[in-house]
Amino acid sequence: MVGTPVLFIVIPLLAAFLIPLLGMLWKELVRIVPGLVLAYMLVLSVNLLNHVLIYGPIVEVIAGWRPPLGINLVFSAFSGFLVTLVVFMGLLIWVYSYRFKRNVDFEPAKKYFLLLMMLITGSVGIILTGDIFNMFVFIEITGISGYALTAFYTGRDSAEASFKYLMLGSIASTFLLLAIMIIYSQVGTLNMADIASKMHTIKPVYKIISFIFFITAIGIEAEIFPLNGWAPDAYTEAPGPVGAAFAGIVVKASVYAIVRYVYTIFDLSGAYDFLILIGLITLIMAETAAIRQERLKRMLAYSSIGQMGLVMVAFGMGTEEGVFAALFMILNHAIIKSLLFFSGSYLVYNSKHKYIKEVNGMSKYLPITSLLFALGAFAIVGLPPFAGFWSKLSMLTAAADSNMLFIIALVLIVSVVELVYYLRVVNRIYFFNKEEKTEPKKPTFNALIVMITLGALILVIGFYPDAITGILHKASADLMDKGQYIHDVLSLNK
Amino acid sequence: MKKIIVIILLGTLGFYTAHTFFDIGFGFPHFEHGIKDVYLQKTVSDLKVSNTVTSIVVNFRGFDTLGEVTVLFLAVTALGGILYKRRHEVGERSVLFSASSIVTSGSKLLFPAIILLGVYVFIHGHLSPGGGFQGGTIIATGFLLMLLTYENYSVNHTVLSLVESLAGIAFAGIGLLGFMHGGTFLQNFIEPGVLNNLFSGGVIPIIYIMVGFKVGAELTGVIYTVLHEKG
Amino acid sequence: MIYFILISVLVVLIIGAAVYAIRQKDLLYAVIATGIISLILSILFYMLQAPDVALTEAAIGVALTTIIFIITIRNTVRFEDERDKKDKFKSAVK
Amino acid sequence: MNNTYFDLLDYMIYGTAILIILIGLYGALVKKSLIKIVIGLSVVDSGVNLLIVAIGYLKGGTAPIFSPGYLANPIKMVDPVPQALVLTAIVIGFGVTAVALALVIRLYRHHGTLNIDEIKDLKW
Amino acid sequence: MNYIILVVFLGGALLTFFAGKINNVLQDILFLASILVPASLFFAYVHAGNIFNLTLGGIHLSLGINAMSWLFALIVLGLGSMAAFYSVSFMKGKERRGYFYFNFILTIMAMTGILMSRDLVSFFIFWEIMTWSSYLMTVYNGKDVQTVGIKYFVFSAIGAYAMLMAIVVIHSINGSFMIEDLVRSFPEMPVNMQILIPVLLLTGFGVKAAIMPLHVWAPGAYSNAPMAYTSIFSGALSKMGIYGMVIVMVSLLSYVPEGYWFREVIAWMGGITAVIGTLWAIKQDDAKKLLAYSSIAQLGYIIVGIGIGTPLAMMAGLFLAVVHALFKGTLFLAVGAIERQTGTSNFREVTGLIRKMPWTFVASLISIISLAGIPPMGGFVGKWMLYESLLTSNHYLLVIVIFFSSTAAFLYCYKFLFGFFLGQEEKEWANVKEAPVLMVVPMLILSFFSFLLGTYPGIILKPIDAGMQYLGYGITQNHLWQTSVIFNTWGNQVVLQPLLYSIIAIFLFFLIFLTIKSFKQTRYVTTKDISSSGEVPKEHENLTFSVDFMQPFMRAVEPVMRRQIDKYYTGLANGLEALFDFMRKIYTGNGQTYAIYVIVFVVILLLFKDILF
């Protein structure tokens, strides 16, 4: 073993505290150090994941107190997979934005990389932690980094988007605290596994009300339908890579939180159906909102929200197949949507409002970026032989096995809508004449590398899904086994 | 119209929330075998810290505190980022204006006292109410007083971030030392000593002092950043 | 009994301050009212046997939060309805 | 001391906390001024903090501090955990409020107004 | 071997795409190689027994071939090779060559893959690859991409997703994706599934086969794609829909009692498609559109045959499928050649090419004759068998429908032939040359096969027979062919053919002779110069012969034509988009409103908590 899960939090924090000092020594360190930290985290997570897949979950204790007392971190196949994904995406985002910000002054650049690193750390913390209040703290870390990153560009309407995000985030933390306190007042503990083991002693009313508050609070971060007003704005106004970070990292962590609550902590049977319901509503509303968008990033944002709705539907099935499909979709969505955000932000690089019509005819000027965008578009609507197909197939198979024909039909109809708006953009890129005002910007070398990596991943998963399904199966089995989780945490067989 | 809808909504929300909490009840223990009993017991027996809240904040749930100082740290960073302007964009108007001489000399007198109080509070965090947060905030109020009274009073930004960073690194570093000594992060690896002594509680007072420095520096940073924002 | 009366008074005061903070059009007063809320809150915390929290709330809620609110108000506008106030000033001048 | 007073007290603290939350939410949801909204949110925070502390309260309990010369009985102490949580929550709330106010200043710079109805360039 | 072919296709596609960066000739060679090598490998090495198994993503995939799919592979690879030769010449000097070649090869690969699939997942994968590669070809010109292209893809997607739904439903019942398992277990499935699964599958296949309410994408897509590709698009790609339908109709539906109604409905839908397609084809002035509608109509015949499903009808349908690939492939290639040489494919503009492009004319003539169902070409044999089968299975009404449609088809056949090749020669087209050899030869080869099949239908009837036996039809070696009354010794030779030949020859001779003669005797004028009538036509009036020459007929059928199903679809789409546009207004842009949504959400959950949880 190379390290322990706590290093996922401590190393970035140390780095974050160090960065202001390092910035005084040599400015470039401000950019480089977060990348090194992320690379280290990736190595660590891959190693730990390997270990976990063989030997079972690692439960890390903090401050030497056994789990019901102290805070613990759980690195299991499920959380480990997500952490690896998140860190990997984070590293790619770092590489992508390494030179992206060169035209920006030093002061904000320093903050950008620091905040990006903390955004990732917060998400990792949400995934790893085994304590509900600790999760609240990490949600706030993620949130504040998110607000600051959204408001990064002073020239745009970014402050508006950020304020909306903050407003909802602040209401979310209120509800989260209320929910935590209701739970605490009943079981006298904050540890997830302990709560889960004592859940049957709680009166159903309290259970339900605290669940409602939880789902509202985390639903705001996870962009479920009536709570996601902030999301399109934030995605649109944040810098391109940050949009990808929201789609690829923050939402994943929040969905993880929801899933953890539904699967492990609470034992409400209606919660699964509720996930399906809310997921479907989110899916439909988001995809229909996306079709008439005028701005590229906004369209991508709505599409991302819709995809997360689909993920939630898959989680709501409550079967191992469903979880497998959901994880597969999370993986694919992270890869593909990041690719779309990355390539999309170069397609409308020099534009102020990022209108879709400004991508017209870009294929002649940015051939590789356009090709990758088209690849991403094809993949995300689930056309074989690209990555999106396998996750869609597994999701539909899982739905069919749960006898949810209506849902299958609905999901497929919505997919047609999705197809239409993506194709419209791709057609514009390839077959329209360039608008006069737009100035294409060649992607920088590192951005190109990142995009090509993602594109290659799409193809690899598309042609050889077995590369990833083994881990996914173990991860989904891990999530389904609630008793094992409780046992692992509380009895600490380390 | 909107107001009425909101009132109805909030009324419903309030009804359910109030119903729940009234039902939970006030002023008596709600549960058995909670973690608090263990905390209350272990804080005396194992940690030798008389202030249980301190032992929870710093040791049992020290990880939260680490996250929390990070939140503050991020808030300072975020403030700088959000309020950042290019040089030529900075306006002239300042929110500050000079105070009368009574106030200035009074503040001059008060300032050391406030700082001293703050230091006292966080040094005695493990013995009496108070600790790093409280002490840190008190110190920040001291600086706030100076910033408000003296128009040209400026905190050395480098020193501020140096203190902030070093305190943060020390916090995390002590945690890592615990990791190396005891096997878990933030482990109390120093002999706890005797209850109610100033030098007791192992690393807890050290960490809390670091937290105090960090919080003080961060809050001062927040105030400083906002205060020197020129429209 | 005194304890009870004290708490009742504080409760009434805090709710009054909250309502005032929300209803007052002059944001400066509203902010002062939030400071008062924090002050009373810290007394309540003290009475609920939470001296640590009381200390923190007193320092952060009363002093720091209030001051950054005030700075913000000085940097922006003082009144809730910017237009109304300007008009009122105009009419007053006339 | 009469028991009924204590019963009333039961409802009073919770009721106050929830009422403050609701008043704050009302301010955040209805008032047009951005600063008013932030004020509302910080009032909500206060209410939540009060609620959390109240949950840990024990009638006749003492503060969870083992002071010298003062026989402290752990069973008669109020729950320290919510207090520790509130400490965290207060500080976090302060951080969020500071960021919110910084955003307000930015928005005022950009739009020249604090009326939230006029700040909706991003929609649909 | 099975997968090697696909890999060669795929590798070839990629190589061809990138070879364009180096050298155009190299690209052409690679393109031809990557079509011809796998094709020859296929015919040389792939036999019914070879099965290649693969587990991908936990799903068992299996590739293999059977007698039925071999028949279709013959169409795909045969027509594909011919069109490939044609394409090399067709694409000379055009832009986006790599794109064209890549998608061309990919389409062929996907179709081969479909035919090889023994399980539904790989079937679907190849189906979708075929869909998007053909979509990319549809938008090749960059013309009407947002309307025609999207329409094609949306309909394909609806079809494909219907199919996907069927696939996952089948999996949930069977626990297996294998087609064999589906066939085996279908009769035992619950009745609602026995209805749902065929409906979904037929929707999927019906889209590609352009069956009546799902045909609206076809005219635009067929005419928008480059003609070299459309010959495959119409000739082979649409046959994939037929292939799927055959599986559904025969392997599934013939074993359950509800199957009968399905077959009737599908047959009638095919009949209606034939009529509507024909009528619309007559109305067109653009050769591409005309052929597109004609394809729809012809596919209608095939569907009728498959829908009826008696041995003879099935045989007729499959025979027509082969023949249709031959003649429609040729015709599209011919139009491509004309378009390449003249720059337009509109009858109103191009006339009198018979001397300029004689070989193209010959190929077109043979194909048109075959299309119209006139002996001695293959089309006649197929149609005759179809009539026969309809009569023997007592579908008299359908016979009338089909007969009306085929008769009406003469109108557009004539229009096509006359519009392009006959008529007056105009100065504008005086310098038109015959198409390059590489384009002419494939057309001639294909039309030769149409001719050959008219004479020796047994060549193709044998594989059809093998395929039908695979599907479970009885041993039909000779007796089936003998059910035909006139040509009772079909198989290897047709007895009455000398007579027919002479009739045709005389007819043709007169046709050509008279036309040529009339050129010589009349004064050569331009179409605009009509001094004989009272009025002097205005400059912009187009008085080419082929314009509106069947006006009275069109007036008669107008009531049918007016109800264009396309309009309903467009209306639906616009309505939906307006609805969506309205719905997204829920994101008002006001942060407070969003916050209120949060509270509304909580309150709703609180109010309905007992129901929800």
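To keep things simple, chains are lettered A, B, C, D and E as they appear, and every chain counts its residues starting from 1.
Here is the rule we use: contacts are C-beta pairs under 8 Å (C-beta built on N, C-alpha and C of every residue); 3 or more make two chains touch, one makes a residue touch a chain.
All figures in this text were calculated on a predicted structure; none of them were measured in a lab.
Novice: What is the graph distance from chain A to chain D, where chains are linked when they touch?
Specialist: The distance in steps between these two chains is 1.
Novice: Farthest chain from chain B, going by mean C-alpha coordinates, please.
Specialist: Of all chains, E has its centre farthest from that of chain B.
Novice: Greatest Cα-centroid separation from chain C: which chain?
Specialist: E
Novice: Per-chain C-alpha centres versus the global one: which chain is nearest?
Specialist: Answer for the innermost chain: A.
Novice: Taking each chain's centre as the mean of its CA atoms, how far is chain A from chain C in angstrom?
Specialist: Comparing mean C-alpha positions, chain C is 38 Å from chain A.
Novice: Mind checking the centre-to-centre distance between chain B and chain E? Centres are C-alpha means, answer in whole Å.
Specialist: Taking the mean C-alpha position of each chain, the two centres sit 74 Å apart.
Novice: Between chain A and chain E, what's the gap in Å when you average each chain's C-alpha atoms?
Specialist: Here chain A and chain E have centroids separated by 44 Å.
Novice: Once you find the CA centre of chain D and the CA centre of chain E, what distance in Å lies between them?
Specialist: 69
Novice: Where in chain B do residues touch two or more of the other chains?
Specialist: 2, 6, 10, 13, 16-17, 21, 24, 30, 34-36, 39, 51, 53, 61, 64, 67-68, 71, 74-75, 78, 82, 129, 133, 219, 222, 226, 229, 231
Novice: Would you pick out the residues of chain A that each touch at least 2 other chains?
Specialist: Where chain A meets two or more other chains at a single residue, that happens at 133, 137, 140, 144, 147-148, 151, 154, 159-160, 162-163, 167, 171, 178, 185, 190, 209, 232-233, 289, 292-293.
Novice: Got the chain D residues that touch at least 2 other chains?
Specialist: Residue numbers touching two or more other chains: 6, 9, 13, 19, 21, 25-26, 28-30, 37, 51, 54-58, 63-65, 77, 81, 83, 85, 87-88, 90-92, 94-96, 98-99, 101, 103-106, 119-122, 124.
Novice: Would you please name all pairs of chains that touch?
Specialist: Touch list across chains, by label: A-B, A-D, A-E, B-C, B-D, B-E, C-D, D-E.
Novice: Over in the complex, which chain C residues touch chain B? Could you list them?
Specialist: Against chain B, chain C makes touches at 50-52, 54-56, 59-60, 63-64, 67-68, 71-72, 74-76.
Novice: Given the complex with chain C, which residues does chain D contribute to the contact?
Specialist: Touch list, chain D to chain C: 1-2, 5-6, 8-9, 12-13, 16, 19-20, 23-24, 26-27, 31-33, 35-36, 38-40, 42-43, 46, 49-50, 53-54, 56-58, 61-65, 77-78, 83, 86-87, 90-91, 94, 97-98, 101, 104-105, 108, 113-115.
Novice: Mind pulling up the chain A residues that touch chain D in the complex?
Specialist: Chain A residues touching chain D: 133, 137, 140, 143-144, 147-148, 151, 154, 157, 159-163, 166-167, 169-171, 173-174, 177-178, 180-181, 184-185, 190, 232-233, 236-237, 289, 292-293.
Novice: In their complex, what parts of chain B are in touch with chain E?
Specialist: It is residues 2, 5-6, 9-10, 12-13, 16 of chain B that touch chain E.
Novice: Under the definition above, what is the set of chain B residues touching chain A in their complex?
Specialist: Counting only chain B, the residues touching chain A are 16-17, 20-21, 23-24, 30-36, 38-39, 42, 59-64, 66-68, 70-71, 73-75, 77-78, 80-82, 84-86, 158, 161-162, 164-166, 168-169, 172-173, 175-176, 178-179, 182-188.
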